[in-house]
Every structure is written in C-alpha cells, then in structure tokens.
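Here the chain labels run A, B and C in written order, and each chain numbers its own residues starting at 1.
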Amino acid sequence: MKSTRLSLSPRAAERVIKVFVWAVALSIMAVLVSIVVFILYKGLPVINAGFLTEIPRRMGREGGIASPIVGTLLVTALAVLLATPFGMGTAFYLAEYTRDGAVTRIIRFSAESLAGIPSIVYGLFGFIFFVMYLNLGWSVLSGGLTLAVMILPTIIRTSEEAVRSVPTIYREVSFSLGGTKWQTIRGAVFPSAVRGIANGIILSIGRSVAETAAVVLTAGSALRMPDGVFAPARTMAVHFYILASEGISMDNAYGTAAVLIILIFLINIAANMLIDRLATKGR
Amino acid sequence: MAVSENKITVKDLDFHYGEKQVLHALNLNIPPNKIFSVIGPANSGITTLLRAINRLSELSPDARARGDILLDGQSVYAPQVDVSELRRKVGMVFDVPAPLPMSIFDNIAYGPRLAKVRNKSVLAETVEGALRAAALWDEVKDRLRAPASSLSGGQQQRLCIARVLALKPEVILLDRPCSGLDPVSTAKIEDSLTELKERLTIVVSPHNIQQAGRVSDRVAFMLSGRLVEEGANAEIFSNPKDQRTSDYITGRFG
Amino acid sequence: MRKLKGDLPERLFFALALSSISALALITAFIFIKGAPLIAKVGLFDFIFGMDWAPGQGKYGVFPMIIGSVSVTAGAAVIGVPAGICCSVFLTEFAPVKMRNIFRPAIQLLAGIPSVVYGFWGLLFVVPAIRAYLGGPGLSILAGSVILAIMILPTVISISEVSLLALPRQYKEGALALGMTHWQAIRSVQLPAAKSGIVAAVILGIGRAVGETMAVIMVLGNSVAVPSSLLDPVRTLTTNIGIEMGYASEEHRQALFATGIVLFVIIMALNISAQYVVRRKTK
C-alpha cells in the first residue's frame, strides 16, 4: 500500500490526505470565487440606470445594454417555454409509463446524446435548419428554438430523476384511493417531483442565459431592440463576447458581464424561493 | 344482502410474480362487519393477498392471478369492473404511515377529489367526519392546513385511516398498520378498528400475534403462500388444529 | 388480467418523448447533409489528415485542429479530473455540513456563468502569467487547458459526488469496522465502488471540454499549425467553426459543417462510451 511505501503511519497519512483534500477544494473555490469577484469589481461601477435602460450606441462603446437584456430574456423565455413541456412529457413517459424496451432505449439514447452535443454544433444546426431551411432568419425565434433543443436533455434528465425519486408508496396510496394513472401522476407524483423539475428548469435557464456560441449563429447580433420573435437580437453573453474580443469597450464589457452574473444570481434566488413556497404550501 | 353471507370470498387463488408463485390455491371466506386477521411469518404471501383484493398488485407488471376473488358475490377481476370504483369500495392502509406531501386537509380530501367531489362544504364535512371516525379530529382540527408530515407517526397512520374512511368504503385492508408505532398509538388504532367494524369489514395483517389476539373476530394462519387454518379467534388461539399453527402462536418459529 | 391500452395522457407523453429522437435525427441529418459533400470532394483521408487549412486556396485539412482539440482536452482532463474528484471526496466525506451547503449551490451557480467570461478571465490572468513565467506567447494549449479544467469542474464534481453519495452506508461502515482509517476506507472501498459513476463523470467532463468553444477561443491563439509544445498556440475544431462561421460562405461554410461532422463523431463516440459505462453500472 502507498502509505507503507511512504513509511507513514495510516494515521499520519490520514492527516496529510485530509489537509491535501481541504487545500485542493478550497483553492478550487478560491479560483471560482475570484472570477466572480473580479468581474463584479470591474463591472459594478459601470452599472447605473442609464446602462440598464439605454440601447447601445456606436457598436456598444456608448449607451447601455437595454436591448441585449431584452434579447436575453426573450430568447431564454422562449427556449424554456418550448423545452419544458417536451422535457417533462418525456420524463413522465420514461419514468411512469414504460417498462424498459427498445423504444425507451432509443429515447434515452437520444436524450443522453443530445446532452453531449457541443453548443457550437447546436449553433450550426440551428443556423442551417431554423435560420436557413425554415427561413426564420436570424431571430429571437431561431435562437429560442435552438436553445430549446439544447436544454431539452437537461430538463429530461433532471425531471426523470425527480419523478423516479418520488416514493412508490405515494403512487400506491393514490391508486388505492381510486386514482387513475393520470390522476395519480397529477395529484401524487407531480407535487412531490415539482421541486426537482423546477431545479432542472432553473439549470436550463442558466444555460440559456449563458450560452454564446449557439445563439450568435441563430439569433444574430443586432443591436436594436427586438420588436417581436421574428426580429434578430443580441443576447448579453454575445454582447460581452463581441465587446471583449473585439476590444470595443472594456468598461461596457465588464458591466455587461456583471449584469449577467447578477441576473443568474437573481434567477437562482428567485427560483429557490418559488420552489420553497411550492414545497411548503404542500400542494 | 343477508348478513350471514360473506363479504369477500377468495376462491382457489394462485398468484405469481413472474416465475415465482406467491399464493397457492388459497380459499378464504371473510364475513362482513368483523375484524378478520391474517397472520403468518414474513413472506407468507399476506401482503400479496391483501393487494390482490383491491387489485393493487396489478401495479407490478409481471403479476398474474388465477382463481377468483368475490366481493359481495361479484368477481373483482370481471372485465366490467371499474378498478377505481373497486378501490374506493375496498380501502387500504399501508405498513408505513404514508401521508402525501400536502396538507392534512388535502390528504383526506384526496380520495373524494379524485372521485370528482368538488363542492367545498361537502368536502369539509367529509374531512371532518373521516377525522372524527379515526379519532384524530380533536388533535388536528386547528391545523388542517398544516403539512401532514408535521404529525407524529401514530397520527400520520390515523390520518391514513381517515383518508380511507373519507371514501366511505365497505372494506378496509390494513397491512401491518401498527408496525413501528408506539403502544399508545397502537391502542388508539385498535380502538378505532373495533368501533369501525360496526360499519364495515376489516381485513388486517397484524404486526404481531398479541395484536391479532386482541382485535380479531376471526383469524387465518398462512405459511409460504398456503392457508394452514382459519377459525374464530378463541379457536385458533386456544385450540389450534394444526401443529404448525400452535408452533407459530407459541413463538416456536417466525 | 391486465390490459394496457394507451390512454390519452400516455399517448401524449409518448408523442412528447419522441421529441428528443427527432431532434437528434434532425441534427445528424442536417450537419451531415451540409458537410458531407465537401468531405467527399476533398476526400475523407485528406480532410482528416490534411495539414493545411486555407479556405481561400480551397485547402481543407483539419488535422492540426484535431491535434489541437485532443491536446487541449487532455490537458484539461489531467488538471481538472483529479481536482474534481478530490473536491467531490471533500464534499461527501470531509466537509462540515455548513460548508457543504455553501459549496454545492455555489458550484451550481458557477456552472451557469457564461463560458465567455471564463475565457476572458483566462485572457487577463492565465495568459499573461504563462507568458511571464513559462515563456511563449501565453496564448497556448496550456492556457486553454487551465480554463477548460476550471470549466469542467462543476460537471466532474457534481456527478462524482452523486455516485459517491449513492453508495450504501454499509460499505463505509464495514470498512471502518475492519479498522481502516477514514482515508483507507475512501481509497480502497468507496472510490472503487463508485468507479463507474466517476468514470462517467470524467467522460462527460471530457465531452464538455472537447465541445467548448467560447472559453478557449480567447486564450488559444487560434493559429492553424501542429503544436510542438504546451506553450504553442493552437486552434481546435470548435474554435475553427466559431471564428470563421461569421464570414464563411459557399464551400468554406460547407467545410465548417464538415468540421462539425468530425466534432460530432468524436462527441458521439464519447457519449456512447459514457452511456456504456453507466449502463454497466446499473446492471
């Protein structure tokens, strides 16, 4: 054994390992936290009412980020609204209706494979299918549809896990009280799975808000305020990328990133509060 | 229907889970308005028997029943039987307290709501009646909106009994309803059962022999999926016909 | 005795469940339809093993980018995987409850930070540090590996943590009862028992690293050449698409889709092996 070769007593080895593991974990945390702190430190001073409410001018050198904020919200909302029913439907089908068979295997294989496909490939697909083939152009709709496909496997996986972790006894109780399959799913399974499902949706919102590669190829990078789902839009992540990589305005890039991080923070907090209310209300 | 007639008749019931046979040619007559206990060591097939009566065993995809179970002379396996309606008539209480993750009120109202009872005052009345019948009303009447999980284990199990009663069933099946409960809660549940048998038929798998002796009118002893013997309480406990029954009752195995 | 004919909800759920199959089919079909003609024209061998990428002169060889993707990913795995496993052991075994409750949501949150932000942070801190202390241009395989290692941490940590938590208590208790120290129990009982889950986590993490675009686009330098050291700049398959998709057209665009095919095939191979590992675990 390693510990004897190092001629350390198991107890001393234990102590060394413990210190090592603590050190690794804390330094990982330190790196991750430092990224957030750095962005906020540079970005917060840029944020003011004008930054949030004005449309970018001169390619983003001046003005605010109102249209990227709206673009982000629209694309994300569309993606989540589209993907949630499909993802939940799939999850309930897999967890409640089927015994393992060929069909289940294919569905599961597809979902797992979708989960691994890189966002740039989603971008290529969204571009060629939604933008070109279906002729939706660079638009909120194309971006939302592409992201919906991208987050679908996340929603499926988390929802299925949530549904499966509902104790069998709840189903048995509901059936034994005369519930049909559908009543049981709606009345007994869903309320206990809703927390897990909501967690999956939050995760998906986060991924959609943060995505860059897939949206820049499908929603475009137009700076004006999108006036509907057929209008092109630039999301905050794309805006940040363009400002930073083309060196247009570092200040505004930091500001955008800070708003983005705060937004993700707020989404997490709000969603957790919502989930807690759902859970304690008990129905 | 004549009082002397049997409420439930089990006829030549074989039960399989996949390849495994759990019940063998079981015959039982369960009279109305009595507490009927089924006793036996673990894996005797008692849970399967109870779940065959309300057809809950069908939830396992590989379950197969042969033979028949009659409720008031009608087969529960007949094609025209509405399973939901059957299960409303034949309620079930499980071996662990199983409140659904919702409020006390909603737990009791769950069954009636499934049966499309929507009227608020009817629901409120039903809930109160059921809680009173399960001797839980006084303890929870001020916090009907609290989550059911906030109740103690014994209260939760009485909640489950009340939940079944809210459907005004004709039969209640209880599968080791007091396992894991303290003696006080157990006594309360036993009292309610004794009261309830005035109105309905009770089939219970007691969690020990003492309980069977305390509450039952009739007792059936099962071993490895077969009925060993069945008779009145006094008969089984003081004068069993089969050696295995007396071994079990005196604690020589199981 | 049981007759299961699909009722309305079941059919609805089934229809929804077909979404992931159709999505995967559509993605595969459109990427291949768009990219395959170019591979056919250039020749599969010359496309994959060609050393020159010069769309202006009609030269399409992606070998340097394959090397780029493989080397950056391998680097990320070497750094990120041990750190991630270490961190999951920390969370499941050593961390005080309070700390765990801070760590876990924090890691979830960090998974939601846009990859462009990580890339930008790398450009500002990691790249100059490499340039100053190790030499070279700084924009390098090493910089990309460090950034990707940080990015795959949440994936590796959360999945290995789940498989460690899923172990029956008795494993650890049995090991401790045999007189093992805590660390001996972890090393010789728990980690081996959770092996397949951890392997799946690693494969999924590697999948994320191969597929990541925006984080590495800023720190790799993006030159099309086979690197000779960790400090050389490279271009990956993903960044090749990300950089050039904005202005490519005609044949050039087809070549980017063809790059997408190579990426897609690599990812699917990783996915399938991950699924294989997971399935073996559940059997």
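Criterion: a contact is a pair of C-beta atoms (placed from the backbone, for glycine too) under 8 Å apart; a residue touches a chain by one contact, two chains touch by 3 or more.
Everything quoted here is computed from the prediction, not taken from an experiment.
Comparing the chain pairs A-B and A-C, the larger number of C-beta pairs in contact belongs to A-C. Nearest to the global CA centroid, when each chain is reduced to the mean of its CA atoms, is chain A. Distances between chain centres, each the mean of the C-alpha atoms, put B farthest from subunit A. Each chain gets one centre point, the mean of its Cα atoms, and the points for subunit B and subunit C are 53 Å apart.
Spacing of subunit A relative to subunit B, judged by their CA centroids, is 47 angstrom. Chain geometry summary: the mean Cα position of subunit A and that of subunit C are 16 Å apart. The set of subunit B residues touching two or more other chains comprises 61. Multi-chain contact residues of subunit A (touching two or more other chains) are listed as 180.
Considering their complex, residues 3, 10-11, 13-14, 17-18, 20-22, 24-25, 28-29, 31-33, 35-36, 38-39, 85-86, 88-90, 92-94, 96-97, 106-107, 109-125, 127-129, 133, 149, 152-153, 156, 180-182, 185, 203, 206-207, 209-213, 216-217, 237, 240-241, 244-245, 253, 257, 260-261, 264-265, 268 of subunit A touch subunit C. Across the complex, subunit A is touched by residues 54, 56, 59, 61, 84-85, 87-88, 91-92, 94, 96, 98, 100-103, 106, 110-111, 113-115, 147-148, 160, 163-164, 167 of subunit B. Partner subunit A is touched in their complex by these residues of subunit C: 7-10, 12-21, 23-24, 26-27, 30-31, 34, 83, 86-87, 89-91, 94-95, 103, 105-118, 120-121, 124, 150, 153, 180-184, 204, 207, 210-214, 217-218, 238, 241-242, 245-246, 256-257, 260, 263-264, 267-268, 270-272, 274-275. For subunit A in complex with subunit B, the touching residues are 99, 167, 169-180, 183, 187-188, 191-192, 279-280, 282-283.
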